[in-house]
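Letters A, B, C, D and E mark the chains as written, and numbering starts fresh at 1 in each.
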Amino acid sequence: MPGQAPGVRIDGLTVVYKTPAGELPAVRDVALTLEPGTITGIVGESGSGKSTLALSLLNAVQPPGRIAAGSVDIDGLGDVVGLRGEELRKARGKHVGYVFQAAQNSLNPLKTVGKQVLDLGRSHGVEDLRGLVRDARELLGRMGLDGARVLDSHQHELSGGMRQRVGIMLALVLNAHLVVLDEPTTALDMITQANILKIVREVHAERGLTTLVITHDIGVVAEVADRLAVMYGGRLVEQGPTRQVLGDPRHPYTKGLIRAIPRLTGDIAEARALPGRPPTLTTVPERGCVFRDRCELRMDVCDTDDPAAVAHGDRIVACHAVKVREHA
Amino acid sequence: MTVIARRLAGHLARGIVMILVVATISFFIVRNIPGDPVAARYQKLLEQGMSPEAAERATAVMYGFLPEGTLWQQYTDYMAGLFRFDLGVSVTHPGSPVTSVLGEAAKWTVLPVLAGTLLSFLVGVIMGVYAAIKRSGKLGDFLAISGSLLHGVPQYVLALLMGAIFTTLIPILPQGGTADILFEPGFNAGYIGSLIEHATLPVVTYALASYGGWILAMKSSVVTVLGDDFILAAELRGMRRSIIFRYVARNAILPLFTILALSLGLLFGGAIFIEKIFNYPGLGFLLIDSVVNRDYALMGGAFLLITAAIIVANILADLFYTVIDPRVRSGEEASA
Amino acid sequence: ACSGSGTPTNQSSSGGGGGGLFTTIDVNRPGIDASGPANPYNPKGNSFLGYNAMKLAWVKNHLTDPNQFYPGIAESWEIAPDNSAITIKLQPNNKWSDGKPVTAEDVRLSIGIAYTQGSTAFAITPGAAGAAADVEVVDDKTVKVTQDMTNPSSKFARGVLDTFVAPAHIWGSVLPADFWDKLKASRGEGADAEKAREEITALGEKIITFAPEKDVSAGPFILERVNPGEALLVKNKEFYNAANVAPDQVKFLNYTGNEQIWNYLISGKLDHAGFTAAPADVMNRIKQAPGTNIIKGFSPVAVGMAFNQTKKPYDNVHVRRGLAYLIDRAEVTKVASPEGGNAAVTTSGIHQKPAQEWLGAELNSLEPYNPDPAKAEEEFKQAGLQKKDGKWALADGSPWKVTMTAPSGFSDWISAQENIKGQLVEAGVDAEVVTVADYPLYLEEIAAGKYDVGFWLIALGPAPYDIYQRLYGASNGWTNVAGKIKHAEPGKSGNWMGGAEKVEVDGTEINPGELTGKLNSVSAEEAKPIMLQLAKAANQDLPVIQLWDYVNTQFTNTSRFTGFPEQESDLLRLPAGVWIQLGMVKKTP
Amino acid sequence: MSSAILETTSTAATMRRNFWRGVWRVMKRKPSRLVGAVIVLGFTFMGVFGPMFYPEVLPRDTSQLYAPMSAEHWFGTDGQGRDVLAQVITGSRYVLLSALVTAVITVVLGTAIGLFSGFKRGRWDTVLMRLTDMKLTIPGLPLLLVLSTVWSFGSALEMGLLLGLLGWGGVARAVRSQTLSLRERGFIEAARGLGLSTTHIVGKELLPSMAPYIAMNMLIAVTGAVYAQVGLFFLGVLPYEADNWGVMLNLSVFGGGALTTTAALPYMLAPLLAILLLTLGIVLVVDAMDEIFNPRLREE
Amino acid sequence: MITGEGIVKTFKQRGNVLGAREVRALRGVDFAIPKGGAASFIGESGCGKTTLGRIIAGLETYDEGELTLDGVPMSSLKPKQRQPHFRKIQLIHQDPYSALNPTRTIHQTLNAPLTLRAKQTGRSKAWIEERAAEVLSMVGLDPGSVLARYPHQLSGGMRQRVVIARALTVDPEMLVADEAVSMIDVSLRLGILALLKDLRERLGVAVLFITHDVATSRYIGDDGELYVIYRGQVVERGPVDTVIADPVHPYTQSLLSAIPVLHGLERPGEQPVTPVESMEAGQDESGCLFAPRCPFRGERCADERPLLQVTEGIPQEHACFYPERRSVVARPMSEV
């Protein structure tokens, strides 16, 4: 069924958290488009605002945070930011599936997986609950698990990798076509990670999904994503097709980040750490470029003006220096 | 289910050992108590105008109810009696076996304590959920502080205040007793009504006294559960509020069962004040009475019964926990 | 529940035929025990004196004569002039509540039971004063009891008539068939007698625990049911004077603390209540309750501040006198027992009222010990005490502190001691109040001589022997064994007061213990001079400082019933059940 | 060289100063905490200096028995005509002193046993925890009642000692579980790896991390002790002390009829209010404990 | 020089009443780390890396085998005597936050071991201050700004440096870095790795690096050895680059195949190996531990356990009956 995969357009999204120092933005003026049927990856270091952005897609930023501005337009749903109450609840799960980080517990410890599937079905008014359970079993089987056994299990009886697959199943069982995966493989070991990533890719293709993968591990996005967006200090500093961004990073942060990846092969001397340290909510400068403190290309204008995200062909980069060079 | 059976066996073994130890302790404490129950009665008779010789003779018969033999003999007799549920005879209730006196009193403790606990548990748990949800607001603050205060305030303070208000300032509730004797006991409106009327003050005071604890425990439990990822996950899966509420409630209430058992123990302790202040003829009252009258057998028995009740409550709570928490049931979690 | 006439009262009175419900408490027995048997011998039994528990006769509250009675099971009695025998005639048409007549057999059985329980007249101790020698059933309604004249007591008749009567057809089984033989054996000497005595005492236990299936009473009421808070009695139609018994039902309210009684009284719930100490404000509220009356009468009890004369400086009579001059007894009484006591006019060892009877004008010759700091100082100086920086110290200069002990829970005593402490401290005598956990412990420790100063009940009349036995009895060294008085050294055999064995009164040396022992058998006229001597001894020697005389204060409420005894009535120490059975109490029109 | 030493001492001093500044910040964050601190300090002052303001034997006025509240007698007088407020104040010393003793014993014993048990683990742990379980199961108040018949807890210290000996179970249990969890934390392991002594590890690493916990328990123990001993005196099973709060309650209710008429009501209310206030103060202060001892929360 | 021979460690989990569950964490591990050398342990989660690291650091006991430090076999010593030896080996924890006491400033944290050391060597107080500053400078921190701070006031990278500095206060001969960079921000990871390498070079401290990120193991020095561990057994061992470039054990090959490919920078290896999933497959103890998951298993694998060995034409040691080089790792694009 082509055309089921929805497109998503995020525009001007700003999310703030209330802190003793006032409301501080964790995501600032982010614009991002998820093309239907693609896998988009977002990378960023701890605290860069990835999870906050992901939650915004379901209008689920947890207090003391709130979406301060912007829109998240999802095909077939409209602007999620405007949704409230039942409408919003129905959208979650049915339209947008959300997969939690693996090691954390996204399952009710007191109920079997099967019962939670039923709860999900009841919540969304599914009439054919048997059918739903069957679907769940098939999905699990598809991901290489013994569906019947897993449905009969409690959370504590499943391993990390299995839980993660159950999470993916729960995100998909209601036929959501937009799936958000927040750190899907963190805390899993390499082999399990590879398996999960494989499953993500396959399920994405089979079911015709629009997928957003969020991670701090560039390797993960590089492995699965078609498009890649890099976050830093609450801003999207660069985005574009994965291969292009990795092969030819434009933004100085992206460059530095890629250079800082330890490599399995090649000259180890090429890899270098980025000086300085990533900002936190309280240390993000209020005005100007968030990266300037660690930037080699820092200019005066960086202190005063936020660099706008500018499209360069398929790529969008938010850097004064890049602009300057391009124009020069 | 074998886990339950195994746990039960372990608990029972430990419980029995506990009871034996407590029985031994209470036996030796109680036998070391100075003061003579017979002398007390003697003097009482004198005050009633009996002549000294007559009073002496009249009290001599009471010696028959005091235990005989060496301390060790008394001890073995006592322990042997324990297995036959025979705790000896009471001196102040001459001729009545301690067990029957305790049984009569226990009726009047168990019912109000259970009613009070249930009442406060229900209200406290609901308010605790509220306090957790509104924790950043004024209402939440108020609920939490009032909870801590009620939790911190001794029961007798509450009981005295309740007593002062409802029997002195606005005398609408009876002070003491269990039911009006004019009503034929049984299932008739008058008798039940009278029972309730007499139990109101103790029950409400029990409830008030433990309510603070519940609200605090429930609040912190709910806050913890609300912070758990699976709740956010359920929300993000679009689960109904009612279902999420159930998730929260079930997970949050679970740890409260352990506290429930402990609090039953505390209530039995607290029953002493409440029963004393409201003249309610329960176990606590009996205990004070036996202490004041130096009724060894009764004192030891009451103490033992109160302790045993706590042990049993603990066992029940743990079993209940085992039944409803799959993690414990499957033996994953080592006992905390 | 706030008013006495709630719904339940109305409900049942409609069935009762207009007699109504009489609500009361038994002040002598706090804590109704729902599981207690209807057994008058059981201290927690649900047998209420004068209501469903009957005695042969009821002892009058007389100032001096212990042998005056109101009829009970007995209609009349004849006492031999030398107290050697009493012949009792039973009520001619009295029946048990199950319809069986009350007979001399019932009385004989009850006397048998009385032996097992220990009683004054029916004692198995050989040589006990005032013990019966023989019981003889003269006919169906007549019993004759004779006294063993080897150690006679003037209170013999009282001992006999003050006996519970239980129905033989219900209780018969409690005594073995050979009981009377055993009793005979027990009155002798030797091992056999000893064994018999033991067996009889052992029977006592069985009797105490005896629980009749159903209450069978020869009194005006029968027990209907009990719960832990209340007991209900209903009228016994077979009672000889049933026609004159007004209430149809009697309700006993439980109480476990005085404050409960106060509440009952303030809400006008009780038709009658025995005395309970109450603070002034509470008393006022009680008086305000509609229909409330307070009847006062004689109560043969007084309280004294007793000294342990083995302890310094209390061995010195001047110290005791000095203290007596310092303590304002009126103030003490006002604080501690404003309604229930009258400040003692002096220390005579006798309650003020009988003192006038016994001593007459001589009473005024006693030193009244009115508060007088100057005299106190003089006495202290005589005792060799020194005054340093305004504080009295012992002769050797070491500090002196009057340590008074009281059992906790005795709020009037503690209040009194607190007050005395204040008075003494003001006068430069250091003082403190110490309490012990409870009364049994207090008794044990005071008898062991652990306290310097404690409170002690005295003047327990009306029998003259009983009055002085508290001052010159076992606690002061004199024991009465089979009519022989012996004196023990201070600190031995319960002699904690430690007073001198002989004192000089009016120039003659007397032995107060022996004199007291004599009081047991002498006639009233013979007793008078002895009483005077003893009063003088107590007054000058001050083994105790008499603080106040208790007053028997009773509360009644005339809203529902009238016809209660008058002020100072000799009925006042008897339970209201006796008033009712005598036909006094009537429904308020 | 010497300047370096000087520097260290001054850093220590600054740190201490910073600590107190942090405490002040924490207290200021919520006005309720300040109120709590003022109440607790007030009671401390009362306990230490209060009795000095009154003569050893309070003056009595027999014309004013159970006098109502007035400007002269804020909480009226008792049955001896003595000022009630004065009794509450002079009586606070006994109550607070024994509560303090209880708290110290509870906390010291509980912490020591909990630490030992959690740190040593193994057989000692099992034995100690069985003991603790048993202690926790035996109900405190009934046991106290029974004990009161054998021991009359004469002085405040004795009272505190006994309550303390009976009260350490909960603290031991809690400290043990804290120790067990802290033990697994990297910094304890690191300290062991560095060869630091057990004294250092326990004293400098473990205890400070548990400080809020211990402080909280200490304060709760104070209320618990006040509760228990006033309760015992109230029940009248303990020997009487003229101006003890519990005795005041007992006398007002069972002697003065505070639950019957209004005359003795102030006499009862005064100690009740004192207990309520003290509890409130402690509850409010406890609220700040976590933040005071956690440098992160303190500095923010 | 630190060597281990046949180290075995079995954990007995205190399960329920009926018997304990055994976990065989290490099944006879041999290793040798020369003075100033470098070694890396890699392997899946739960394979026993941490356990081994803790044994080497003296924080855990072992059941069989022998650990030799500088020629002294540890089993010959009493626990007390081992301590000074183990002090030469310092563990760097994975989580730099929990490794620092949150209630102590960096100054206090460093002072404690330094004071001890000063006492042992009779040095002055001033030396302590100096040395604290020195070790901080060594790890690239500015003593002036760091000393007075609490851990929470530092970033993850700085905290990890403080942890290393603290280890340096006792002049260790070896650092055991257990996943020392996995919780550090990506952009800073290399900094810590470079620091470790630098310490090796400057101070001659040996480094034992435990990780599941194979790539990082290259960064502590190219002379390092790589130990690949599977279920408590070393299955392949050799110079880092050799093992990465030419792994011969199917397990090593699976691990390396599982590393995500940076498409755009790299191209995938030609012969990726995907293991059969699920480790649960049989705890059979006789054959090759990896056999149940091995796509290349042969006949011998089922009944015989291969031991670490050197075979013809293969530079590294391995524990496989059918060793075969496969090109599994991704290659940089630039190499094309």
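To be clear about the criterion, a residue touches a chain if its C-beta (ideal position, glycine included) is under 8 Å from a C-beta of that chain, and two chains touch if they have at least 3 such contacts.
Please read these numbers as outputs of a predicted model, since none were measured by experiment.
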| item | value |
| --- | --- |
| Neighbouring chains shared between subunit B and subunit C, ordered by label | D |
| Busiest interface, counted in C-beta pairs | B-C |
| Chain whose Cα centroid lies at the greatest distance from that of subunit A | C |
| Chain centre separation in whole Å, for subunit E relative to subunit C (CA means) | 91 |
| Between subunit C and subunit D, centroid-to-centroid distance (C-alpha), Å | 48 |
| Inter-chain centre distance, subunit B versus subunit D - centres from mean C-alpha coordinates, in Å | 25 |
| Per-residue multi-chain contacts in subunit B, two or more chains | 34-35, 167, 175, 291-292, 294 |
| Residue list for subunit D, restricted to those that touch at least two other chains | 148-149, 237, 253, 259-262 |
| Interface hub residues of subunit E, defined as touching at least two other chains | none |
| Touch list for subunit D against partner subunit C, complex | 56-57, 60, 62, 65-66, 79-81, 148-149, 152, 236-240, 242, 251, 253-257, 259-264 |
| Interface residues, subunit B side, partner subunit C - complex | 34-37, 39-41, 43, 46-49, 51-54, 56-61, 64-65, 92-96, 100-101, 104-105, 108, 167, 171-183, 185, 190, 194, 197-198, 279, 281, 285, 289, 291-294 |
| Touching residues on subunit B, where the partner in the complex is subunit A | 136, 228-230, 232-241, 243, 247, 250-251, 254, 324-327, 330, 332 |
| Subunit B residues within the subunit D interface of the complex | 18, 21-22, 25-26, 29-30, 32-35, 145, 148-149, 152-154, 156-157, 160-161, 163-164, 167-169, 175, 262, 265-266, 268-270, 272-273, 276-277, 284, 287-288, 291-292, 294, 299, 302-303, 306-307, 310-311, 314, 336 |
| Touch list for subunit D against partner subunit B, complex | 32, 134, 136-143, 145-150, 177, 220, 223, 226-227, 230-231, 234-235, 237, 249, 253, 258-262, 265, 268, 272, 275-276, 279-280, 282-284, 286-287 |
